[in-house]
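Here's a structure for you.
Per-chain residue numbering starts at 1, and chain names A, B, C and D are given in the order in which the chains are listed.
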Amino acid sequence: MIDKRVISFKEAVADIPDDAVVMIGGFGSSGIPLKLIEALRQHGATGLTIISNNAGVAEEGIASLLRDGLVRKIVCSFPRSAGSIWFEKRFEEGSVELELVPQGTLSERIRIAGAGIGGFLTPTGYGTKLAEGKETRVIDGKGYVLELPLPADFALIRAESGDPWGNLIYNTAGRNFNPMMASAASITIAEVNSIVAVGDLNPEHIVTPGIFVDRLVAEEMHHAQA
Amino acid sequence: MIDKRVISFKEAVADIPDDAVVMIGGFGSSGIPLKLIEALRQHGATGLTIISNNAGVAEEGIASLLRDGLVRKIVCSFPRSAGSIWFEKRFEEGSVELELVPQGTLSERIRIAGAGIGGFLTPTGYGTKLAEGKETRVIDGKGYVLELPLPADFALIRAESGDPWGNLIYNTAGRNFNPMMASAASITIAEVNSIVAVGDLNPEHIVTPGIFVDRLVAEEMHHAQA
Amino acid sequence: MLRLNPEQMAERVAKDIPDGAYVNLGIGMPTKVANYVSGDKLVIYHSENGILAVGPAPAPGEENPNLINAGKQYVTLLPGGCYFDNAESFAIMRGGHLDIAVLGAFQVSARGDLANWATNNDKYPPAVGGAMDLAVGARKLFVVMKHTDREGEPKILEQCTYPLTGTGVVQRIFTDLAVIDVTPDGLQVVELFGSNTFDEVQALTGARLLPPA
Amino acid sequence: MLRLNPEQMAERVAKDIPDGAYVNLGIGMPTKVANYVSGDKLVIYHSENGILAVGPAPAPGEENPNLINAGKQYVTLLPGGCYFDNAESFAIMRGGHLDIAVLGAFQVSARGDLANWATNNDKYPPAVGGAMDLAVGARKLFVVMKHTDREGEPKILEQCTYPLTGTGVVQRIFTDLAVIDVTPDGLQVVELFGSNTFDEVQALTGARLLPPA
């Protein structure tokens, strides 16, 4: 018997402790688990390390976690979008630490954390400030930086639809970081629009195999049963 | 204007030179570009290095290339299946060199060749004969082997269906090595059952984006026009 | 002495597969384990070539040549299953996502080293497949093998004499005589089949065993 | 002197995008290039967040909040396009599969170093996105930028003074004054706009230029 459905967003994040490392899917406004983030904000765990491509805009998503002072560190490729006022404020006052990672290095570090790989050599960032302090090497005349895996305690991800086994499909560019993050956390929690029956997703079309997903929560389910 | 269709299997492989490094998709009997391999055999390029999970059985596929003496070296995880008589014969007589690679290392070395990554650290094979002569390191008490990319001059792959832009979908477990190989060769040639119009494949379901594919050839096309 | 036959060995392994587990079964005897997992458990089988939720063999005439398992046998897919490429399949294996892998072995050492891919016969061409990835990647690695080889020599040894598949990777050994755990203290016998005695099993083992508690 | 406006600069870059090319356009001025690519060419645009064959902006009311480009603008997908995750998207970028990337820049050096992600203002929080991956990965890297900055200081220099995005990565620079190639011999002027003279352009450049052949 495998049923990964959880009854509410609140319950889905209830065991995230203070100082947890939490990955959050999304790129810009696309593919963000906004309801899980809001549940995490209300849950109130502090000292969080957030791994995400962006740092949120206005009062929404990761920005709300920064505003409420729940974030100690953010690992991110592009924290400063138009409207990232809370990140900018927390950064300026020195209350949040930033680890800036080139985007492709960020997604690959997450991927290898899920794939059991101990590191990879990337040409990205070689010879730049973002490679400072990192091991480098030159192979066949080309410079590479050694990058290490980036795992997390929890991943909060967003998909279009899932089944009780945790198989997921996405909506257009909403995939972005979500499939890699699903594989790279000890506990992966997926927010979906709808949950379908096991077997209803075409096996050729499943993007994230259920083995990567621990909990699944849908909007309707929440509304119907909360 | 993008149209990657080629009129025949023969034409698709006509420029593969002697001593080329050729990747061939497939696992066991599944997802093998048999018609492209037969065209390559008839084309007759010699001194080939073949990268593939298996070495063929009976007189078919890679076994036929070994039989005809076209192969100098094979890079492979499992060359010896029941019926791999031609591989066994060529290996025994010392006329073909074998580079044995654990299967997950093989697929990841192919993947990173397509992804512009210079190497990766894998725990697979650490402390074994297959790591001999390779750079190793211990991180947090766990041993890793440094593995390097495995690119090719040509990839011969097999998919279920494709469009003139080279977008591909597969049949069940026929994916196996084909998507990674598509990304890792200078020239990727796909054998498909059918070619559909651009736009007929659902963009959510495409497994191999057309950017990785250079030539596409279908059985019907071959029969209709040869 | 009671020596289980291969079917009984598979049945014994099956008892240790919990409900809801994600499991990879190696080629040969390990594949039989699925036949003995109780019907009230849902176990999801992974196949290294790129399948999750492998189902039973297809009916004659229903075979899809693309849909095979790692042993190159025709299979089906259960509802809820899916396909992926080989790199993702091995990310699942190497990344610690499988609860249990069951493999056969030539030899296992006292500290859990596994030798199951090659003998010392250099003329015979070697083949490794996915064994090394499974060995390092599965959360628990079960070995199922006869306690001794065809010549009656022990297969559980202080040190493997055949080339290793992985070092310190085996958690539990199921033989035809006993079940033995690899622990930090040594090889712990956890079950003796029938009326087999500890001393009888120790006599057929090339490493020191710890008696059942 | 003739100074092209941003629309004219985008139009000039568009002339150098060949039919059938796979292209990534950076945020800002580079994005405008698509507006000027001739309708008889088929160019496939890649977006780093995971799209191939990005189409035009959707009609009002037709926006899908998930379907955005790297600049976070709503887009559509052309028939023949597809989606993939970020790791695969960057495999495309870093793996040399894109024919051309067009990026803006703060500075470019005589040997093709690119600085386009940070200034030396440490108080302002930095952001890098996918610029470094594109810089190392695209087969050809075009830079489009004004020849001088707001203070009239040259942006083409012997050495960049801002933090680098990549070293030796730029092939061609399109400014409002000229088109300049980075070659092993140095910065080769290949086109002077209008009646701009080599000496005029050299005077606004912080590195030695080679005159057009």
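Operating definition for what follows: contacts are C-beta pairs under 8 Å (C-beta built on N, C-alpha and C of every residue); 3 or more make two chains touch, one makes a residue touch a chain.
This is a predicted model, so every value here is computed, not measured.
When the partners of chain A are compared with those of chain C, the chains appearing in both lists are B.
Among the remaining chains, the Cα-based centre furthest from that of chain C is the centre of D. Taking B-D and B-C together, the chain pair joined by more C-beta contacts is B-C. Separating the CA-averaged centres of chain B and chain D is a span of 35 Å. Each chain gets one centre point, the mean of its Cα atoms, and the points for chain A and chain D are 29 Å apart.
Work out the mean CA point of chain C and of chain D, and you get 54 Å between them.
Residues of chain D in contact with two or more other chains: 77, 83-84, 90, 93-94, 136-137. In chain A, the residues touching two or more other chains are 108, 111, 115-117, 122-123, 170, 172, 203-204.
Interfaces, counted as pairs of touching chains, are A-B, A-C, A-D, B-C, B-D. Contact residues on chain B toward chain A in their complex (touch as defined above): 108, 112, 115-123, 139, 142, 144, 148, 169-170, 172, 202-205. Of all residues in chain A, those touching chain D in their complex are 27-31, 53, 77-81, 87-88, 91-92, 98, 100-105, 107-108, 110-111, 122-130, 143, 170-180, 207.
Partner chain B is touched in their complex by these residues of chain D: 19-20, 22, 42, 44, 46, 52-53, 77, 79-84, 88, 90-98, 136-137. Across the complex, chain C is touched by residues 1-2, 111, 113-117, 163, 165, 167, 183, 198-199, 201, 203-204, 206, 209-212 of chain A. By the touch criterion given at the top, residues 47-51, 64-68, 72, 77, 83-87, 89-90, 93-94, 118, 123, 125-133, 136-137, 163-167 of chain C touch chain B in their complex.
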